[in-house]
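The structures considered in this document are given below.
Two complexes, one shared chain (chain A), two partners (chain B, chain C).
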Partner chain A sequence: MHRLAILFRLAWRNLWRNHRRTLIMLMAVVLGTWAMIFMTALMRGMVTDVVKDGISALPGHVQAHHPDYRDDPSVANLIAVSDAELAARFSAAGFVKWATRVRVPAVITSEYDSRGVTLLGVDPMYERDLTFVDYDEVTGRFLQSADDSGIVIGAKLAETLNTEVGKRIVLMSQNPDNDIADRGFRVIGLFKANIRAFEENYVFAGKITVQKMLGIGDQVSELVVLADDYRNVEAEYNKTVELIDGGGEVKRWFELDPYLGSMLGVMDGFVLVWIIVIFLALSFGLVNTLVMAVFERVREIGLMLALGMRPMNILGQIVVESSLLLAIGLAIGTALSWASVQPIKDGIDISIVSEGLDMWGMSSVLYPELLLSDVILANVVVLLLGFLASLSPAWRAAHYEPIEAITKV
Partner chain B sequence: MISHAFLMILLAVAPIPAESAHRDATEIVRDAVNHWRGLSSDSVMTMVIHRADWERSMTMRAWTKGDDRTLVRVLEPRKDRGNGTLTDDENMWTYSPKVNRVIKIPSSMMGQSWMGSDFSNKDVARMDDIIDQYDHTILGVEEVDGVTVYEIQSVPHEDAAVVWGREVLRISEDHVVLTHKFYDQDDELVKMLTSLEIGEMGGRVIAQRQRMGKVDAPDEWTEIKVVTVDYEVELQDSLFTLSNLRNPRD
Partner chain C sequence: MTAVRCVDLCKTYRQGEVDIKALDHVSIEIKEGGFVCLSAPSGGGKTTLLNAIGGLDKPDSGEVYIAGQRIDNLSKGELAELRLRQIGFVFQAFNLIPVLTARENVEFVMQVQGVPAGERQRLAHAILDEVGLAGLEDRRPADMSGGQQQRVAVARAIVSRPALVLADEPTANLDSKTADELMELFRELNDHHSTTFVIATHDKRVMGYAKRLVRMLDGRIVADIKQDAA
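Right after this comes the complex of A and B.
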């Protein structure tokens, strides 16, 4: 213990003997750490944004459908269990955020134009927690009940169709016998969405109204359950499988949208690669600094060896020196990155490039996401690899011949 | 159709308001539709599709039976000969000899143009919607060249699959639709069907030449001219089948 304290003190003093070199190295570590953590936070934010928007388009973390529904989302492929039965089972099981929907392709027609859309027959009470539509932001009003006879469409779609709140439009779809099912609806609200495509693609009507229009009795196309954390949906998945009891095929969101799922996986790998790449650049500087420090002190190390200091202690001293340097750098770097995320944590407006981002399914506000796990990962990786990098100069110093070292000019 | 019968019973028992010496608006519209189609009909007509830079015309033969069955087959021009459209109730199928396929028109295409004209598939398949999906009121009655003409406003029911705000028809006392105007929900006139020639044919006074056109595109219109027509002819049910659409037996 006492020996360690001496090593520590020696290392600390050595560090500040050439304070300019140490400061420069410290700066490099700080900058590197900051870049790792800050950029990772931005990337995380971006990915979470895409994933969340993607999920909000599904929406629902666990979904149940007829086994054929995903290949052919038509009205013929409905969940075998009736809606009432589903409601009884799921509310009894204590699920909070879940809903059933009728979800079919349809054509919406105004006096001037018609467009293909996805018709969502929803119960607004259950839908509130799930949908990407903010009820309070709707121009006009959102649906009020499952048998509301109005329709809520996207602001962009309304523009395309040249219609507005209070006017009627016609929805056409098919009933299970492939015959035409159509009905007039009065537009009661226009919703806005982060993603323009949502405003063009989705229309909301009351579930019961849609069931009547399509002539499908009390059946629905999908059941969705929202989990607390989109990264961990296993509990909800297992319970849904149990409750649906063979009445439909249950999938997790990353199976429903494999692109989103693999994107999240790639991102996790990418963060590690990113951190290692930055560290590699950093490590050359680190090793160089330490090697120089060793070269500068050849005579001194020789003297210490001659006085009886063990090679292991010499090695220890150099390693402690580099670890101290890294620890200080990491502490400052982490603090700096935290400090720089603070002022922008409510989002950075990147709407200048919003059109391009929209194409990627991203919204124009970027929320950096500082994850504790990323911070720990960066710190651990830097400390660990830094330790390994410093072993080489330390090893060299520990193996000098004392006589040669002392007499070295 | 049930609502028809119901309406008629209602009309029969409802006390007629004193001032309403005229006939009921719904009845006038229904009579006009029935008059145009007859219980059955067999006609040859020419359709001219006009655009700013081109025009084409096709001749076709049409059979109708009852309220909801129609078969149309193209005779001229040669390259389109044999193209057919069959409607039964709300369903519609087309057949083209070139691809030798009967295609059921999906609901997504009902709003689209029928054979490239200014009529939509829905206009063709669901002519009788005008009777029972609207509330009809008489706006006015006038005398034109000794003939009584009723102006009728038809407002679609709240849940009717109709996009128009209202439609205004002018129907003469001999059941000929003189004009049919389509207004959007801001009450702007969008498109209009006009009868250009009226005359006797097949034992009835009918609109021999009708033109459908959009108001904001005056040089785009479709004209339908009746060449010959026979009403109340004996037509086999087998005429209105998919197999007959594919393999004409007439």
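Right after this comes the complex of A and C.
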């Protein structure tokens, strides 16, 4: 304990012995830390945006389908349990954010053009919390009930079909007997989405209306459940498996879209690589600073060894000095990055490049995401690697011969 | 009892193409409470002998004993422990740690020894007072004269009452008045606490304080004289 106290005292005072050099190195650590954490927050925000938008296209963190639905998402592969029975089970289990849908491929035709789309037969009351469509931003109106006879399509699709609110379109799909099932709908609303592809590919109609059109009675294609945190859906998954009770195949969002799921893992790896690369750049300065500091103090290191300080204590002193420098730099850098994120936490408008970003499934507003785990990772990596980097000069200092060091000119 | 015993010490340095015998079969025994001056011209071997006794340098051959314990075959760590517990050092120059105050420099060895803070501070205060540095406790070496620095070094060397104090040219950077004061202090400690002093010097005034004068030349002891100290 006494030795530790003297090590800290010596390390702290030696740190400020050459103010200018220490401040320059400190500035480098602060900037490096800021770059690590702030840039990670921006990148994390981008990836989260892509993942969330991706999940919103599914949508739902946990989904149940007929086992063959993913290979053939047609009306032939419906969940074995009836919609009414599903509603009874999930409502009784206390689920809040969940819904059932009829989801089939269809062709939409206006008087000018036709397009292949995904038809979603939904109950707007359950769908509100799950869908990527903001009901209040719909031009016209959104569906009002499961038996609403209107249809809501994307603004981009409306443009392509040269149609608008109030006009009629025809939807065509297949019924379970492989016969054409079609129906005329009046366009009641046009929705906008962050991702333009959503506006082109999805159309919404009332669930009961679609069930009638397809002649599938009270059956649905999918059941979706939303968890509080998309990173942790295990509880909802397990409960859904229990409630479906073999009536369908239950999957988590990252199983439904492995590409999307892998993005989080890739991002975690990228953050680590990014932090290490910045640290490597920093480490050259750090090692140089410590080597200079050791060279300047060869005689007093020799004196301390001569007076009976053990080589390990000399090593410890240099390591503590390096750790103090890094700890101060990390603290300031972390505070600075937090302060940098605060003014832009409500989003940065990047619409100037939105055309390109749209291709990657990103929206035009970037929300930086400062995760505690990233802050901890950056701090731990810098301290750990800083410790390793300081070992070389510290080892050299600890292995001076006292009498050679003390007489060094 | 014997404080220091050296048996047939040899040490050769290579300087360019030339081998220099710093110690040439040196044997010496110093009793506890001795006050010995090693005198020699530059390169005569006195500092090498002092360093060998202090475990700072290993002889090429021969044996060194401190208080009966053989030390020339100890590891670095064991030697550090020996120096910490049993030997006080005063070097010719660069004696103090620049970032520590006078009091902290004096406390340094005690702190490494693990002496509690309260006792450390009391002893440091008392010893600085004893060497005439009362009131200068919080000054750093850069703010002190050469004589004051040397006295701090002496205070550090003796504060934990080591059995043996090794001093290498302790008066080299001091004026004659300060040098005399320092030697008086050494003698007082020697007389009152039976601390053994081994001082390497070529200062005749310092030799005058010694009870025993060992003259060296070319790495050999050429004279070993008991004398009435000043």
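Worth a mention:
Following the convention adopted for this analysis, the second predicted complex is superposed on the first by the 408 of 409 C-alpha atoms of A that agree within 3 Å, B and C clash if a C-alpha of one lies under 4 Å from a C-alpha of the other, contacts with A are read in each partner's own complex, and residues count from 1 in each chain.
As a working rule, a residue touches a chain if its C-beta (ideal position, glycine included) is under 8 Å from a C-beta of that chain, and two chains touch if they have at least 3 such contacts.
Fair warning: this is a prediction, and the values are worked out from it, not measured in the lab.
With chain A as the common reference for superposition, the partners chain B and chain C occupy compatible, non-clashing space. Contacts of A:232 after superposition on the shared chain: neither chain B nor chain C is touched. Contacts of A:178 after superposition on the shared chain: chain B is touched, whereas chain C is not. By the touch criterion defined above, A:114 reaches chain B but does not reach chain C. Looking at the shared chain after the overlay, A:300 reaches chain C, while chain B stays out of its contact range.
In the superposition on chain A, contact of A:262 is made with neither chain B nor chain C.
Of the two partner chains placed by superposition, A:342 touches none, neither chain B nor chain C. Of the two partner chains placed by superposition, A:145 touches none, neither chain B nor chain C.
Residue contacts after overlaying the shared chain place A:91 against neither chain B nor chain C. By the document's definition of touching, of the two partners only chain C reaches A:309; chain B does not.
The superposed three-chain arrangement places the nearest Cα atoms of chain B and chain C 86 Å from each other.
When the two complexes are superposed on chain A, none of the residues of chain A touches both chain B and chain C. Those residues of chain C that touch chain A in the complex are listed here as 51, 54, 56-57, 76-77, 80-85, 89, 91, 94-100, 104, 108-109, 111-115, 117, 156.
Taken in their complex, chain B has these residues touching chain A: 90-91, 104, 106-108, 110-111, 156-165, 182, 184-185, 190. The touching residues of chain A, counted against chain C in their complex, run 2-3, 5-6, 9-10, 13-14, 17, 299-300, 303-311, 313, 402-403, 406.
Taken together, the chain A residues at the contact with chain B in this complex read 105-107, 109-112, 114, 116, 149, 163, 167-174, 178-186.
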